[in-house]
Every structure is written in structure tokens, then in C-alpha cells.
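Here chain A shows up in two complexes: once beside chain B, once beside chain C.
Up next is the complex of A and B:
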């Protein structure tokens, strides 16, 4: 009801001849969760005037559930929205099918590695809207009660593990970390050794460096530093942190909105990923999402304009200050908001620093896509569960990867 | 007489059991049967009851599962009603509105010798982290309410010690008053009044009108999501959230309402279509002799073996070309079960041919026979078909999921429930919302069954007897 006068006003200003374009409706879509508040806030608070001036009405349709499925169905049936999210994880399948329009605007303000991630055959197909990296989030109260020093930026794998073991010894009901047998978290450790997912010939070699990270990660449970998330009755590490079952969680900034719902008063600290003792370096994975214009859109120009506005400096500044996501524009990296002391400010700062870790790779695996991770995930799972030893698991993962990449 | 004699002669070796033994055997048999039925019923309703209980909880996944909590505790209901009344003059749904003066008392206890300090009380600015709630939240109690300690008093209590025997504990009761500040310009009604109490872990909360929603910071902080819930607001908090937090971002109207309407429209549409097609088709196959009728019947039977997933791509493309995607029509017409036609055919075949022939002798046309004679007598079969069709359409998940994807208000309730699974980092859902939504969604089918269950089991025979 409140919006109606605003809309009438917008219509009235348009009648006065201000807009350059005729009124066009652009359908945009992204996934739900904490994103709804971000996009809706941008459209109704930050960008409302500008959109009215351009004569664009935006119809925002958040989709909960399987977004990639929704968009791929929609694209093949011709019912997809004009502008939609693409996750770097599956973006390639949309780009290679010619279902996205190349970006024409100037993208010099955006972080180069994010732009690179959405570039396919020399053309940029999506404007990165935000990104996430992994960090160590910890519950200060647990460390206080256990009398153990907080995790710090200077931690190595070993010192972090020692702290977690000490916490578990002091407080038996608390585990150090909830572990998920997934490359999406383990990858940061593997990368910090200097290992790369693909060598110069495009092959994946699970070499000694990978093995070192693999043994450390799978050994966390045995050493008493960690427990499998599923064994703690949770589906992800953030659930364990929220329920105070685990002292730390290795996750991205998305954990902030989850904690707002399930542990709003947690005394939270965030530090960077631990370093590999041998290489002395840090690794990290970059998760990023962009806005893509549907190639079949009838209002592609207006859709591109909406994408431009949604990723403008003003919009990203607002998103950043809500503590909801990290901006993809490098200009905002030294924003004064990031220097504040509130948990979301601190977390955002650390996540942003993660982008400049020593070995950072996007969460993206070339043309094989997400199935590339499956042999590694299976190996992690079977070793953590004690079904096989590292030798057998890695050998079978290596041969599965060889078969996959040979084609 | 003859029959009885023959039966007795046929089994000469079996002597009738003594009356007592026979009776015991019958009793044992019926006891086993009764127990088996009871077990089945308990398993069926037990999960149902547990799920319903979980749908009322703040955390439905809590372990261990408690069966006694505030939402089922009459003392908490009374307290919630009082708090709602004091907060907004609404004992049912509560809230906080101008003029509110809420007294909230908490009692902390500690072993003798440990000092009980006054907890730090705060009305936090609690912001939903996800979903539509986060986008729609406009007013925070923190901006309008102030909290102050009104009085405190000390007492002693006996506590059962860990090693057995009684132990004397001291207790202190703190009464807080929460008031609505009147200095601001606008004075909105606020749905929830959260409260945080921070106290050293050495003292324990022993009494409060309603239990804290969660204990955080390893026992240092007790947090209430809403201290002015009202009795229904306390019990049906998740249900209220389902309605309020699935709102259209532009109009603020509840999406759940439109999902229910859509589901109802689709189920009703499919019911009508099924009845028309199944009765006409069934009658034609049962009575009309035309070339190819056997082939059609065989095709019908064969089509029952094809799962919907096999044809969904082609069906989807057809609907796209007809521009029926994202309309209820696509889901209504996509699926008329051949099983319904078969059911009607079987019924019509059992219908006495002589009556129809008599009608034809009287000059009725084929359609008149069908419409005036056969159909009015086919009510039981039609009802069974109608109920099956309605229930099938209401519970259908696959077709609405595939055919209706946007806008959000066009979904059906079963697909809409999916959107209540908020996710962070790929996991974790708001199960309170999902369970509450699922329970609301079964209400129409439940009503339908209660109203028509007599017809489902009745037929001409039983009707003649009763």
C-alpha cells in the first residue's frame, strides 16, 4: 500500500517527459535467503529514483530452491527472466550455450580476478556483483572458557590444530571444528601448499603437496580437533558454530546472516585462513556471482542498464554497509566502513583480505564443471570415515580425474 | 441343514473345542488383531503428532526431543496472554503498541555463598538474517521500547543437589518494566519484543513467565525472541510467520494465501475435468461398440505404465508453444489419470443393461440415457473419483514445479513450501516454517476427508442396509 503513491509519483514524473526511454519492465531473478533483502533494498531504497528516471520498472522474482535448475529450465523454454544471477560455478554452461549477452559497459572498476572469472572466449558475459572467500570464524566465549588463545592471522595449520585440540580437551562437549568432506572448504588448504587444480597441460595431478593438505585435513578428526558435521547432527559448519557445538567454522561471509537468525548474540571473531607451515603461504577459494543479461531478452538494453545500476558504486556501497556482501569494485576496498569493530565489519574486512591471499583460485573448474570435485570429495569422505587409507583413496581419485580429463 | 451336515462330515477328525478354550482362542486372536491395529495407528499418528509438536517449537530439530515446552504448557499460555495484554491490549496475538507497560520478572538462583548480580537487560535490535522477513522488517522494538528494573527481591529455595539430598539456594527475583517510549513521531504497532539478559554463568535462571528462546554465549546470555507474544502468538508463532514472512515484496500481501487459492483452483479444475473425461470416456468404453475401442482401451492401460517424468519435456514444450506456462491451466490439463477412466468403465459395466435398454425403448437417446439414467446412479463412483482427483491434484508436486515457476504468487502451496527452505552456504533450513506450512497445507484435504469419508466407504449395498 505504501508503495502505491511512490509509483504514481514515478508515473507522473515520466508523463512530464523526463525519461529518455519508454517505460519498460525488466524481470530480474536471483536466489533467496539473505539475497532477497539485498536486492529488494537496492531496488526500493537506493535505486528507485534512478530506475524511474530511466523509465524502467523492475520486477524482482527471488527463487528459493534450486536456482541453477530454474534458470536452465527457463532458458531452454524461453521463459527465463531478462536479467539473472549466474554463479561462477555453473556460469560456463550458460555462456557456452550462447544464452548470455556480452557486457558492453566499462568494467575497469571491478576486481580483475572476478572479471576474469566471468570471461569466456575473450568476452565478458556477466558483471560480478559480489564475492566471498573463506575465513576462520570463531566463538570467543568458547576459547575464553577453555582458556585457549584465540585463533589469529598468524596461525599455521599446526598452531590452529593445537588450539582446537586444546579446546576439545578443556571442554569435552565442544569440538574444535565441524568438517565437511568437500573441496569447497578443503580446497583452501590444498591451494596454500602451492598446488594448482590444473597444471599447464590441463591435467589434475594429486601430487605430494596435495597429499600433505589431504592428510592434514583428514587427520583433523583423528587428532581430536574436529568432528564430521553430519556426526554433530548438522549439515554445515555454520550450524555447529551457531549451536556452540564447535569452536570455529571455516566459511564465507554468508555465515553472518545465518548467525543473525540462529545465534544473534554470538561473541564472534574472524581471522584469515591458516598458513601452510612448509610454504608459509595462505590459500583461498573465491566464490562469486554476477548479473547476466538473457540473450533472448526483448528488453536487453534496459536489462543491461539495470545490471549497471545494481553494481554501481552507490549500490555496492549500500550493500557493503548492510554487512550483507562484499563489493566487487576495488574502489570500495579501503572504505571507512570496513574499519569498524562490529562483527560484520570485521568479517567483511577479513573476507576482503582473503582475495589477496597468496594462492587464490575461483570456485570454478573449466569445462568439466562441478563433477571435477567428485573424486576428491569421495576420497575425503572415505578417508575421514576410515573406509580406506589415503594411498588407496588418492590413487582412485587420481585415476577418476585422469579418465574425466582425458576426454 | 444339508450344507451344515456336509461340512461337519467332511472333517470327522476335528472335534469341536471346549467352549472355554474356544473363547480363549478367540480372545487371544482379537487381542493380537487389536494390538496390531493399535501399533499401526500409533506409528501413523505418532509421527503425525510429533511433527505437529515440532512445528510449534522454536527449534524443531532440537535434540533431545522435548515433549513438554512452553507452547504446550498452560502456565506459559496464561503468562503469554497477560504479557500480550500488557504489551498491546491483545491477549491473543500480543505485540507492543503505544501505552504499553509490561512487567517481566525473572528469578535467578545460585548456591548459597555465590552472589547473584543483576543481569544486564537489553531490548536488542534483532534483524532477521534471511528471506523475505529480512526485506520487510520495518520497525524494531529497540527503537521504541525502553526497559528498566522496577524492583528486586531475595528469597531462599531448596534445590535437589547432584549427590542427592536437598541444598539451600538463594534466589533473586528481578522485575523489569518495558515501556513504549512516546517521544517519537510515528508510533507503530510492533509484532515482536526481543529481550536479552546477560548474567554470569554462575547463576541460573530458575523462573520466568515464558522460557527463553535460546541460551547463548555458553549460558551467559538468555535471549527471548518475543516477550509480548499473546497466547496464540506464543503457540502458533511459526504459523504466523509462515503467513507473514511469505509476503509479496511489492504489495506486502501474504503469498501463502495466494498459494492456497492457486492450489484450490487447480485441484477444483482438475476435479471437474477428471469427472467429465472419466465418466464420458468410461461410459463410451463400457457401452459403445465402435471399431478401435479395444485398441483405445489397451492404449489407456498402457499409458498408466508411463511415468510422468518420461513425457515431461515434450509436454513442457507443448505448453510453452501454447503459451500456457506459468498459468494454472497447464497444470489442470496436463494430467487426467487413465486410472479414473478405468474406474468409471468398471462401474458402468456393472450397471444393469436392462435399465438402459428400457430407457432406449422409451425413446431416449444414448446421451439422454447417460445423462438422465446412468450418471445419477453413478454417484458413489463419481465421488470416489472426485476425491482421488482432488487429493492427487492438491498433493501434486512434480507438474506444478515444472510448469509454474514464476511469479512467486502463481505457485501452488506444495511448491511454495520449497521456498521456505532458506539456505546459507548450501545448507540449513528454517524447519519451523517448513513444518508449519506443511501442516497448513494438509488442512483442506483433511476437511475433505472428514466431510466425505462416509461416501468413500458407502455403496448401494450398505446404503440399503442402513
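Up next is the complex of A and C:
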């Protein structure tokens, strides 16, 4: 039996010819931390009216910690939310298990390579919500003090390295760059040579091009251009930049929110990744997250609608203008906000340009997942630490990859 | 009859909660794990029977073999060292005359820290140019001083004891007064030599990769040696407490009688303390073996701070297969590895029980 106010409301909507309120509750889930402010901001400041009109109540359930495990567990137990984030890194494991509903809305406004990244066996399973690429962020004051020219969009590996060495020579307590022995950063250099992670037969060949990038990257420490991040007491390059231990950091736009907290007054500049001198090209890695509808959701239509609203032009413009994330819609690339002169505006512009670098690959490694990076990371690590030489390290990485991909 | 029946009923009622939880979380779980270990299962598609292929895949998986080797090595080292250390500490604390409460509290402190917090602290201590490296660096830099100090002590102490023994009987080699004199003389010698410039300081810019390395030391990766150090530091106090309880149940009369019979401190320890503590030692060794074979949290928290092959243990291998980064779950492999770990644990405990420390005192 309907309660009196509800009955009155139902009668009123019928009289006024409005669509009846379905009043469906959609549970959505994403990461915790700063994402809570973004999603709640969208739901209350931007989309509240539209959601009310659709008769949808959205409940955001943020997850701190291992999000992919939370989702996999939830999906297998039937307790997963109706709509949730999928990171390109592990999205395939959800799609291939038949746990995601294909996207039905028009996606022509979204960046093609992001849409492609979330396409599995010809079907799109997630709407890209934002993305990130790598760029060179630098502390202008350090370069001024050292009397060295700022990094620029025209830099090649070599000219950037020379600038970093010059900074370290002028200011011995500052290193050029904090290096992490990880494919997640090194990959951009390897890709710029024209090397691809998987060849047409699905194998990974650590060829001469890869080796050239490998030797450059591992040689940065020896040349005096870089220091291992762990040796500077940091776990990532952004930490070194924030503490003024390093002059530059190769990171994505996420560095902005980290610097906002730890180094709010830094005179920051951002330029694109350096070019490989031989190929004359740039490489980059795309990190992207999308919204996926749970295939088992009882309110899948409402969930799809919420996904559509959360990635609408209006929503993405709001997120962009707050300086929180980069839009996956290409139409926003010439938004006036991006032409502004504030550091976060310049950084966002450069990160956006990274999407159209010459050799761009998503941060995704097929069926084998993150294990694919382990042999490469181990090789980078052991050579940078001086435990072994490039020949031995690459040979052992190659044989580990061959074994892994043979299965 | 009625009374016996009601007693039996209460007995069953008393064990009912435990039986239910055991049936649910142990028997059911183990049967399910055993079933999954013969299937290909990703948590979503229906499991398909694959016979023994998960087990054959395990045997040919290099990471599994590394994990097996690492686990056995780690368990062996940690169990041995922490049992010996815990016993030594317990004896020491038991003998402490002054501030006994304080000494016990200080020694027990590492155990009340959470393992996650402890691992983070150790991550910091184990930085390449961190605290542990600094200790090694100081020892290396002053190794000549240290060597001279100990040689000096031994020489002076030897000379003093020999001289005294010519006049009196029963002067101990470790006579505390002589030791004090010897230490003071050795220290003076070292300082004098250092001031005279006879002892060069070995200048080193030492960088030791304690965690982030693929180097091995004997049969185990360096990373796991560092984790072993951390594990021993956090577990020894709890085990010490067990030994301490055991020590206090040994009647003093035994020691008095032995002393009258002319047994020295070491003989009393060897022939009274060690045998009387056997049931406690059995418990300590068994707990250590189980705990170390299933060690997971400390290597999991290390995460990317160390290469996978240098830190993988069997328990971590199970987890790595159940939730591989960016790939579909391999529940079949994870279950097979979990069963291997379970069987290995039971087998090692059984072998220990039959050939190692016995459950009962002799």
C-alpha cells in the first residue's frame, strides 16, 4: 500500500503528464581519496537535477585499497555495484568473464584510442571517463638557479639528458630526475623508437630498438642525469620533484594534485616527452579508466543512464575546469580553460597532447596482465643497480617473456 | 543413565560451535579447494575438470619452484635462529635481578607492533643508504679498530687469568673484574693507536641493496634474508615469553642439587634447562614452522620495493594466482599451490616431531 504523500505525488505526476518516477537506486563504485570529491561533486553540483528527473538515486561506494580485487570478489559473489570503474590495466579480466554489459549509447564524441582500449572482441564494454599520459614536469627555479635552459617540447633524449647533467653539475645536491625501474615510465621511451610490446604473432621481441631505449634509460644514472628514486628516499618521481631533490619528473597529470599538497608554491613547467633522436618520434603510454555496467545488475538501464550522465559533456567540462581530470571527449580539447596560463592548465594541455603522440599504447598487456612487465622491470632494476649488464639482463628477460607467452 | 545422557548432550553442545566453524571454514573449504585444484576456474565461468594439469603446470612453473625453495629456506633459517634467540633471551631475562619488569617489557615491545607498521619501518631502515647500511658502513670503516679491540681484550684477559691461576685455583676465564680491566686497556690501546694515526679509517661510500635486488646469499635471495631479520625481530619476543613461562616451572631444587654436584653454569643449562623445556621448545618450533611456511604479510607489504622472484613465498604465490595483476584469476593453480603448501606444512611438522624436538620431556 502506498503511503499518503507518495500516493499524492503519483496522482500529481499522472495529472501533469510527467514520466512516472521509477525511483531506482543505482549503486556505483570507484576509488576513494580525491575521487570521492569528484564523483560526489558531479552527483550533487552538476547532475542532481537530471538524476532526479530520471528518477534515479545514486549511491557512491568508494573503495580504498585494491579496487580490482574488490570488484572481482564482488562480481563472483553477486554483491558488486551496478556501475563501477574499470582500469584499462585489468578491464579485460572483467570483460572476458562476461561480467560487463556492452555500451549502447553513442560514443562518437569520445577519443577513438580510448574507445578502442575498452573494446573487447568487437564490442565496447566501458565508457572512458578520463585519461592520463606521461609528460616532463620541471621545477623552473632549479633550472634558473643552475643557469640551464628549461626542458622544451623540442627536446630529444640526448638534449634532455644534457640539460639534466648540467643541472646536477651546477647544483650537486639536486639530481636531474628520479628514476623508477618500471615499464610504466620506461615504456614511453621504448615506444618512441617504434618498438611495439607485441608483434603480429603476439610475441614480445626485445629487439635493437628496445635495447637502444633500455641502454639510454639505464644509463641515465651513470651519466649523472638521474638517481634511483629509492636511493633518494622516495617511491616515485613526483616525490623527488616535490622535495626539490630532482629537477624534473616524468609523470602524468596526477602529479598536480600531489604537488598541490606537498609543494603548493612550486614554479612548475610541463613539456611533452622527449623525442627519440633516431626515429624523431615521441612515444607515450595512456592510462585510462571507464565506467562499466555490471552484467548482473537489476537496474542496468538506469546504471547505463548514470554512466552516460557522468561522462556527458557537461560533467566532463565541470571535472576539467576543476582541474581534476582530463576529459575523454575530444570536443573538450579546445575548451577555453585549457588555454589558461595556470600550471594545472598548462599541464593538462600537455597531457592532452600526449594522446596524439606518434606511438601511443594503452597501459594494458593482454591476457598475461601485469606479469608481462615483471621481466622488463627486473632487467631495468638489475642493470641500474649494476648487478648485471644489459646483455645478460635482456637475454634473461627475453627468455622469461618467451616462456610466459608460449602458454 | 539419564544423568549420563544429559552430560553427553551438554558435551556435544559445548563442542558444537567449534564443530560448526571447523566444518564450515576448514573441512568445507579444504574439500572445495581440493576440487578446484583439478579444474580450470576463473571465478566466473563454470569450473571445467582438467585432471592433474594444474599440478603439472606448478612443477614446470619456475616461479612456483622459486617460491618453494624460498619458503623452505626461509622457514629453516627463521625457525632455527628465532628458537635459539628466544631461549637465550628468556634465560637472560629470567636471570635479570634488577628492573626485571622493565627488561621484559622492553624485550616484548617489538611483538605488540602490527606487522604492517613494522614492515614499513623496516622498509625505511633497509633503504640503500639507510640505517642498516650505515651500521655495516661503520663496522667496515672501523674494522681495524674493532679487530684490535677484541685482540687486545683477549690478550690482556688471557695474561691476567694465567697470572692469577699461578697463585689461586678456580679463576674463571671470564672473570668479570679482569674483563673490565682488559676492556679498559684494549680501549686505551685502540684510542692511542688511532690518535697516532696507525689505524686508517677505511673510507667507503657503501650502498647495500637489502630489498631491491636479485642477488642471492647462500641458498636464499638477499631480500628474504632481510625479511627473515625483520620476522625474527618481531616474533622472538612472543616465543621468549613462552620459554620464560617454561623456565619458571623448573624447580630450583634441580639446579641446587647440580651445583652441589659441581656442575658449572653451562652444564646446568645443557642438562637441566634444555631437557626440562622440551615441551615448550616443541610448541615453539612447531609454531615457528607453521608461521614461517605460511609467511605472507611481510612480503605482500614489500610490494614493488623488491622484485617478485626475490620475495615470492608459497603463500604469496597462491595470492598472486588468485588475484593476478591485470589478468583473470587462476583459481585452479592457486588451489593446487595452496594444497601443496598445506601438505608441506603437515609433512614438515610431522618430520620435525619424529626426528627433531620431541613433544615430551625425557
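Heads up, the rule we're going with is that the second predicted complex is superposed on the first by the 386 of 407 C-alpha atoms of A that agree within 3 Å, B and C clash if a C-alpha of one lies under 4 Å from a C-alpha of the other, contacts with A are read in each partner's own complex, and residues count from 1 in each chain.
Assume contacts are C-beta pairs under 8 Å (C-beta built on N, C-alpha and C of every residue); 3 or more make two chains touch, one makes a residue touch a chain.
Keep in mind that this is a model prediction, so the values were computed, not measured.
Enquirer: Just checking: does A:374 make contact with chain B only, chain C only, both, or neither of them? Give me first, second, both or neither.
Expert: The second partner, chain C, only.
Enquirer: Examine A:336 and indicate which partner it touches, taking first as chain B and second as chain C; both and neither are also allowed.
Expert: Neither chain B nor chain C is touched by A:336.
Enquirer: Is A:208 contacted by the first partner chain B, the second partner chain C, both or neither?
Expert: neither
Enquirer: Does the superposition put A:239 against chain B (first), chain C (second), both, or neither?
Expert: first
Enquirer: Please work out whether A:97 is in contact with chain B alone, chain C alone, both, or neither, and reply first, second, both or neither.
Expert: Touch partner of A:97: chain C, not chain B.
Enquirer: So, A:61: does it touch chain B (first), chain C (second), both, or neither?
Expert: first
Enquirer: Could you look at A:200 and tell me whether it touches chain B, chain C, both or neither (first, second, both, neither)?
Expert: Neither partner.
Enquirer: Should A:254 be classified as contacting the first partner (chain B), the second (chain C), both, or neither?
Expert: first
Enquirer: Count the residues of chain A touched by chain B and by chain C, then name the partner with the higher count.
Expert: If we count touched residues of chain A for both partners, the winner is B.
Enquirer: Of the residues on chain A, which ones does chain B touch that chain C also touches?
Expert: 233, 235
Enquirer: Which residues of chain A touch chain C once you look at their complex with the stated criterion?
Expert: That would be residues 66, 68-69, 72, 75-76, 89-90, 92-93, 96-99, 182, 228, 230-231, 233, 235, 364-365, 367-371, 374, 377-378, 381-382, 385, 387-388, 403 of chain A.
Enquirer: If you look only at chain A, which of its residues touch chain B in the complex?
Expert: Chain A residues touching chain B: 1-3, 27, 29, 32-34, 36-37, 40-41, 44, 59-65, 70, 73-74, 77-79, 81, 141-142, 145, 233, 235-236, 238-239, 244, 251-252, 254-261, 263-267.
Enquirer: Mind pulling up the chain C residues that touch chain A in the complex?
Expert: Interface residues on chain C, with respect to chain A: 42-45, 62, 127-129, 207, 209, 212-215, 304-305, 307-309, 323-329.
Enquirer: In the complex formed with chain A, which residues of chain B make contact?
Expert: Result: residues 61, 63, 124, 126-132, 134-135, 196, 214, 216-218, 220-221, 223, 249-252, 316-317, 320, 325-326, 402, 405-408, 418-428, 430 of chain B touch chain A.
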